[in-house]
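Common to both upcoming complexes is subunit A, partnered first by subunit B, then by subunit C.
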Partner chain A sequence: MTKITLNGREVEADPTKPLIHACHAGGVDVPAYCYHPGLTPVGSCRICQVEVKQGEAPARVVVACRTPVAEGMVVETESPRAHETRRECLEFLLKNHPLDCPICDKAGECDLQDYAYAEGQGEGRSVEPRRRLDKRKSLGDVIVLDEERCVLCSRCVRFMEEVPKTPQLTVGGLGSRSVIETFMDRPLTGNYQGNLADVCPVGALTLKPFRFQARVWNLKKTPSTCGECSRGCATSVEVLRSGDVKRIRPRYDAEVNTWWMCDTGRFAFEPLNVEGRITGGLARQGNTVRPVDAEDAAAATARILTAERPAFVAVTPWVTQEEGQAIRALAAEWKLPTYLVSPAANGLEDDLLHTGDPAPNRRGLVELGFQAKSPAEVLALLHSQSAAWLVGERMAALLGAANLAAVAGHKRVALFDVLPVDGPAIEVFASVPLYVERAGTWLNVDGVVRTLQSSRPLPSGFPTLERLISLVSAAARPQGAALR
Partner chain B sequence: MVIVKRKELSFAERLYLPEIFRALSLTFRNMFQREITRQYPEEPLPKTEVTRGQPRLVELEEGSLACVSCGLCEAACPAYAITIDGGETENFIEREPKLFEIDMLRCILCGFCEEACPKDAIFMSDELELAGFTRKGLVYGIDKLRRPRAALQKRIDYVYRINDRWRNSSSTH
Partner chain C sequence: MSRPTYLLDRIRPDSHTLAAYQKSGGYEALRNALKSKTPTEVIDVVKASGLRGRGGAGFPTGMKWSFMPDPAKDKRPRYLAINADESEPGTCKDRVLMERDPHGVIEGVLLACYAMRASTAYIYVRGEYRESYNRLFEALREARAAGLVGRKIAGSEFSCDIWMHKGAGAYICGEETGLMESLEGKRGHPRPKPPFPAMFGLWGQPTTVNNVETVFNVPFILERGADWFRSMGTKASTGNLLVGISGHVNKPGVYEVPFGVSCKELVDGYAGGIWKGRKLKAWFPGGSSTGVLPGSAIDVPMEHDAIKNAGSMLGTAALIAMDDHACVVRAMEVVARFYDHESCGQCSQCREGTQWLSQIFHRIEIGRGRMEDVQMLEDLAKSMAPGKTICALSDAAAIPTLAIVKHFKDEIEEHVRLARCPFVDPAHAKRAGAFAHAH
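This part shows the complex of A and B:
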């Protein structure tokens, strides 16, 4: 570690990182547009200029993202000279930047907006009209480019080159006519395009699925974990007015995904805004299905599992460690085998993040003792054994709702899923919350512990899955025995 | 317990009639003076440009709303009366409100929305009356809120004038 003086304070700096990293690590907010900690610094936006004095030489104003840290460096980020240089630089960046903040999706989390608000002059001095460029240039299925808003920081260009290693974007044109473009206007490809909207410091690159959907300050952001593959990227689940999930964004996590996430996980929020859920559950008697509350559904499940043999318990890989542990304890008491319905690899694996295995908690559940079985094997068991307890969201999707409905009527199945399935064998259905509504722990493919948090409140009468399992456990005991 | 001591009446007062005539003279005097009671629903209050009635959305000449659903009025609203959902359009300005609701039962007519609006799209109209049979019916959507710009012109001119005065005085303090 190198010692530098930052605004009159001695701090330790990492000599392998540029000076701006030391400033940020030391708690000094130096603005940055082209600098991103995950990308090579290029120093094209010039907004991170600070005053540096080294040895006997007079103090100079340098860009902090392209200056290596040296022993004994004296850095002043708030000196009048540094301030004035940055302010002038900002004025140039804003000269052609349209006043789009009211319609811009980035407003509220825009670095340029924040710094212009803090340091800008409020009024432009330029008398020439602003540059007119294409405001709605589609770059593939995911990204829309607004050329007017672009500050040509080239973060997107470097991201495409350095992270998924698929260089597709470039800065075309010269001087004031420079724009971001793809070769021959081909659409972008790849599974990491969504990150372009995150790395863009302004609102030039926006996500098509999120375009004008919500203002970012109305979104309630909850740290969570992606449930689309066994990597378990750290995410932020963003919910509008306690209702629909509008956006899923990566959260920095050094151990798992750093700053990035794949588009498969990012755009997997539509199924989370599911409609037609019921509170409590359903119970079948003969040919009639009637709604029951969660307690009754749990009691009916306990009756099936204590009466019928041979029987088994199967869970989906979205079940958390805590829930899995409770299910294992209950199954051990009743001497039932426990299986994990294990989806087949989806062929989306790459060298960066996606593992190709759409089972987020496979490792954790297998470590708990669940035996992995393919959906076809579980269906075969359903046909050969007399009762089953199927627990976890996407159970019907994994086994096939039609396959579940086709199980013969003399079998007794308790299904704990998000949406009910109608079939003669399905005697009990209980509604379970989605993984974005539950708290718990998953283990990712490398054994890293990932946590889930509830990102929106559950309706009343909607128990958590852990509570449902304990209700089943309590219903199987004689009155009062659960109090032991 | 309180003992109220009654006023001792004078002889003239005890005679009763002089006091009756004194009261009637007051009544007759007032009958010939100018009326100050206003027959409210038939005779509405005078409305000036300063009247701050219910907020309304400005409709431009081409029939679209000036609102771009930026959400600043929603954020500024101290009563949480405004709910906005945006969406994309084919117009030159790409964003427009798909849902713009003001809960008139929550609205306190403070005018913060008018002040916050960067697009001059919401103004306090001179409409003051509010009555309905259900609470839901008093949550006004876009169809009930939109007004042609001309209908709000008086207030718009006033707000511009006031804003100019603020802008010019800000350099002196």
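This part shows the complex of A and C:
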């Protein structure tokens, strides 16, 4: 490590990283548009200028993103000269900026807006007409480009070149006529386009699914984990007041996904805003199905599992380690085999993040002792055995709702899923929360612990899956046994 | 005007051919150097001669060459790139050399390659210079056939190939790192320095970029010696240089003069004085990116330090003269529009600033200026330079702006007061606006 003096304070700096990294690591906020820690610095926006003194040479103003740290370097980020240089740069950046923050999706998390406020650049001196360019240029299915807002930092160009390594964007035109373009105006392709909206420091690149959906300051952001493959990318699940998940964004995690995530995971939030859920559960008697509360559904499940043999327990790979452990303990008590319904590889595998295995907690559940079985094998078991306890969201989706409904009426199945399935064999249904509503851990494909947090409150009378399992466990014991 | 000359002496109707070149002693400097001098000795002679780059910055050539890493320690391939993308408005000196004496350029390139132990050179020729390209291309073909370019040159162990590249019309590709990006097939976006080209140049390998006229001097220096070279010019700027004189003079053209000749003599003597018997009002000493000076400051030696002291730069020694009928605001409007058009657009200050300057000068020229614009011009130019951007294009737009505000503030204010250009007949004032964006 290299020792530098940052605003009068001695700090340790990583000599392999540019000066701006040391500033940010030292808690000093130096603005940056073209610099992104995950991309090659180019030093073109010039907003990160700071004053640096090395040895006896007079202090210089340099761009922090292209300056290597050196032992004994004295850095002043707030000196009048540094401030003035950055103010000048900001004035140029704002000269042609449309200032349409009131209708810009980026407002509230825009680096240009934040820094313009911070520097008190309230009024422009320009009387020239602002540049008029295309304000809604589609770059494919995911991204819309607003050329007027663009500050030409080229982060998007470098992202495509360096991260998914599929160069598709370029700066077209020259000088003040520069615009971001795709090669030959072709639409963008690939599974990592969504990151472009994240790397864009302003509101030039926005996500089609998020356009005009929410003001970002109204979103409650919860750190979570992506449930779309066994990589388990760190995410931020962002929920509007209505409770709808409006956006999922990657969250920095050095070990797993750094700054990025794939579009499969990013745009998998529609199923999270599911409608038609019921509180508690359903119980079938003959041809009639009646609503019951969670306790009754648990008790009915316990009755099936203690009465019928042969029987088995199967879970989906969205079940957490904590839930899986409780299920294993219960199954051991009842001497029931435990299976993991294992979805087939979905062919989305790439060299970057997506593993192609849509089972986020496969590794964890297998390590707990769940035996992986294909949906077809589990269906065969349903037909051959007397009873089953099917636990976990997306169970009906994995096995096929029609296949479940087709199981013969003399079989006894307890289904713990998000939405009920109507079928003669399904004797009990209990509503379980989605993974974005539960707390717990998964183990990703490399055995790294991934943490889930509840990103929105559960409706009243809606127990967690852990609570449901303990209700089943309690119901199986003789009266009073649970009290002891 | 009986000063010793050498740069343009060989020029004849057939001087672009190998036969004519060899008849006048061509390629002898190369043969002799290959036979009797080590590369280090070549660098030492060039260093001793005091030769400074002729591309605008005036950096000592021998020192630039010695920045190339030691080939014993650094085994990477190394390149020489010749900057023949002569695009600075007013400059047209390299063109004369390439069209009329292309073998002289090639011999200079080979000697520079030998000195730096480079086995590949690229000549980046401005796209509009078709004749230059064709003459150089033909000369290369002849030289290659004669065993002077390629493997084992002139029977020695030295091999060097030279490739030609045509620019596509971007001024910024004349900036050395922009030129390298362009040669690599990318957009001509200048690279931030460091790393410097000598360490990380073309394709990441050690590279030196030299101007055409710079290497053209080298065979003369090796043939006639460093002392001969130092006998011309001044102490700090040795040798002769080519001066392009354009604008309102009677005999515009490219002239060979030793460093230190008075600019007054250049205009009144070499260029035959200001046309139509008028007076010199303003002049650019070295191309449009150097600060404009008032006519009263013409008695200054054409030499780096003297012109710097006068408040401008020698640049490419392309003197542009304006007579007293010329409007400097109109001239500056054209210059500002040029830099707006040619900014690569990477750096915020340059991309937005060049456009802003151009818009303000345009407004002033068509009579829509405001008094506060004068201060704005100065503020903006100071925000754009010096050294605030990746390359010097931002400076190139800011420097003449500051110079105009300094020397011709009255004329700008006159435009604002009259709400029109004082040099345009009021009856036709409206038409002045029609000049805009003819580029």
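Keep this in mind: the second predicted complex is superposed on the first by the 481 of 484 C-alpha atoms of A that agree within 3 Å, B and C clash if a C-alpha of one lies under 4 Å from a C-alpha of the other, contacts with A are read in each partner's own complex, and residues count from 1 in each chain.
The rule is short, and it goes like this: a contact is a pair of C-beta atoms (placed from the backbone, for glycine too) under 8 Å apart; a residue touches a chain by one contact, two chains touch by 3 or more.
Keep in mind that this is a model prediction, so the values were computed, not measured.
When both complexes are superposed on subunit A, subunit B and subunit C fit side by side without a clash.
Residue contacts after overlaying the shared chain place A:9 against neither subunit B nor subunit C.
Of the two partner chains placed by the overlay, neither subunit B nor subunit C lies in contact with A:309. When the two complexes are overlaid, the chain among subunit B and subunit C that reaches more residues of subunit A is C. Once the two complexes are overlaid on the shared chain, A:212 sits against subunit B while remaining clear of subunit C.
Once the two complexes are laid over each other on the shared chain, residue contacts for A:186 go to neither subunit B nor subunit C. Legend: residue contacts after superposition of the two complexes on their common chain; A:107 is shown touching subunit B, with no touch to subunit C. Applying the stated contact rule after C-alpha superposition, one finds that A:165 touches neither subunit B nor subunit C.
Figure note: vertex subunit A, arms to subunit B and subunit C, all at CA centres after fitting on chain A; angle 90 degrees, rounded to a multiple of 10. Once the two complexes are laid over each other on the shared chain, residue contacts for A:132 go to neither subunit B nor subunit C.
Least inter-chain distance for subunit B and subunit C in the combined superposition, rounded to the nearest angstrom, is 19, based on C-alpha atoms. On subunit A, the surface touched by subunit B in one complex and the surface touched by subunit C in the other have no residue in common. Within the complex formed with subunit A, the residues of subunit C that make contact are 170, 172, 187, 189, 192, 340-356, 359-360, 363, 370, 376, 383, 388-390.
Per the touch definition, subunit A reaches subunit C in the complex via residues 42-47, 49, 61, 63, 66, 85, 88-89, 91-93, 95-96, 125-128, 151-152, 154, 170-171, 173-178.
In the complex of the two chains, the subunit A residues touching subunit B come out as 101-103, 107, 135-136, 211-215, 217-218, 241.
Put simply, subunit B touches subunit A in their complex at residues 68-72, 74-75, 83-88, 93-95, 118-119.
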